[in-house]
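Pasting a structure below so you can have a look.
Chain naming follows the written order as A, B and C, and within any one chain the residues start at number 1.
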């Protein structure tokens, strides 16, 4: 009787853990704005590499960095700005970083909004009461938006109207719900909810908004991670990004 | 450090208001459910207990849909009074109140049911009006059970995070309560700030628990 | 003072039902309703106090109609001006003896203070020899002391009738005899009409000026009673 019980236990253990050991499982942390594009890229990658499994983890780039810094088992990191990746590099967390895509900054309004701001300066008007941006402490979109406003000498004028969202997708959601009068998001995010939001104008950035991708140094799946990064950079991956509105890096 | 104090002040304000509201609502509803007999009473009890078992983010989502500018309650408030509860500390109070409500009304109901009905009968024959009976007999005998619930509700309201984040957002000085501030500090890698906030929160919770211990004497109420 | 009761009530519990049908009239100062447990004595007494609502009927105490289903009269217990002594006294556990006795004298939302001074309260504390216990709580008192406190509380508000629900059931026999004598003397002195329900023959003997027998919810003629009164209608 005891012998048979041991065999059952072993079989159960193998069923539970064996599956993950044999399949190549990759954990990818990507900026929130990459949600739809990376889901499609992951499916394409799995189709091309049978047996591979890509686990996606989306959030504000800064928040994702914190998880990695505290030891989360991430294999690949794609952030929405250079600054976050610089911090990762400073902390010796990454190996081999490459820029893989670029985005644009837009100001969006709820689809049924009666306001019509044409430029950043219009945000200082009374009609605009609440503006959503991702929290600059953790979200690149927030930093870009804040820098744009500071460069236009408008930050102090609109600071009291700023509502911090946890990440760019939450900012998008606030605008879609009309909880705010306007919001700063990436052009690709605006496209995701084009029936609920409309683009007021594009904001010219002071630096191109290039997205870097890197393999995490401590990852035990170096080979798989390299293959995934290569796929993102490949024509197949780039085509997916272009379809979602991203620009050439 | 400044941010910690403002977050603490805000947390106490939100939790204080939420608990005060729950005291009124919870005691009222608890008393009603304890005394009134009507079909569907137990169903109503279950519905009112729902916020306790519902994930806070689910609750937050419902509140957002109802109280948001497009929601049926939110749009009415906006049109009639120009009030918008999203991103305000009042919105945070509503989230905290709903989340902690079952923690007051359930112990209140149990406490009222435990009061010997014969004592209330005696009071009636002695000529005291129903309201007088409630404040002079029923409540004094039930307050200990109610207080236990109220303290739990305060602690729950103080720690409310999920629904608060969705309704009130995280605006420093306006809606950034302690729990939200900790979350943001960790996200931004500000470990020292996070540690300070966690210490402050823990100190407040311990103080609340000690006050609770002091207030619960051994013998029957009202000595 | 004349007491007239003519009530009906049906109680259902699961498959069993109990029918109360009591008709009596009495002008005695001391009425005893006598019967075994479950005969409906308590229900009848509660109906007089307003703590039980009959399905139909009429209750009259002296000049006042307390209940009349046909006329739509149902005085609240607060308005009936009777005193009710519960079997286990129902003293307020969170109030002192003094506060208990003075309970009915204080209107409003606040209980009488612990140091309240009121003529009636002080009188009854003295009459029942409870002065030294005035600051005690009910759970610190003996059975006899509790009964006296409950009685004092009932009498302090000058009721028009005194309703007693098996007042001696919770006491031991020696105490019972003493309390009977005390109640007897008290009632004679005060002249307050008294309705007492009991299953104890000794109570009947001591107080049975008019005795009504009750069995299975109906009035019956009790062979051992002094006088059985039935209303012929």
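Here is the rule we use: contacts are C-beta pairs under 8 Å (C-beta built on N, C-alpha and C of every residue); 3 or more make two chains touch, one makes a residue touch a chain.
This is a predicted model, so every value here is computed, not measured.
Trainee: How many steps does it take, at the fewest, to get from chain A to chain C if each step moves to a chain that touches the one before?
Mentor: 2
Trainee: From the C-alpha centres, identify the chain that is farthest from chain B.
Mentor: When every chain centre is compared against chain B, the largest gap points to C.
Trainee: Specify the chain with the shortest distance from its C-alpha centroid to the centroid of every protein C-alpha atom present.
Mentor: If one averages C-alpha positions chain by chain, the most central is B.
Trainee: Report which interface contains more C-beta contacts, comparing A-B against B-C.
Mentor: Higher contact count goes to B-C.
Trainee: What whole-number Å value describes the gap between the mean CA coordinates of chain A and chain C?
Mentor: Centre separation, chain A to chain C: 79 Å.
Trainee: Counting in whole Å, what is the centre-to-centre distance of chain A and chain B, each centre being its mean C-alpha position?
Mentor: 36
Trainee: Cα centroid separation between chain B and chain C, in whole Å?
Mentor: Averaging C-alpha atoms per chain gives centres 44 Å apart.
Trainee: Which residues does chain A have that touch at least 2 chains other than itself?
Mentor: Chain A, residues with two or more chain partners: not present.
Trainee: For the complex, give me every residue of chain A touching chain B.
Mentor: 60, 62-63, 65-66, 69, 130, 135, 137-138, 163-166, 177-179
Trainee: Show me the residue ranges of chain C that touch chain B in the complex, using the header's touch definition.
Mentor: 49-51, 76-84, 86, 88, 90, 92-95, 103-104, 107-111, 137, 139, 153-154, 157
Trainee: Residues of chain B touching chain A in their complex?
Mentor: That would be residues 64, 68-70, 86-87, 165, 169-171, 184, 186-190 of chain B.
Trainee: Residues of chain B touching chain C in their complex?
Mentor: Listed in rising order, the residues are 116, 118-119, 121-129, 131-132, 135-137, 140-141, 220-222.
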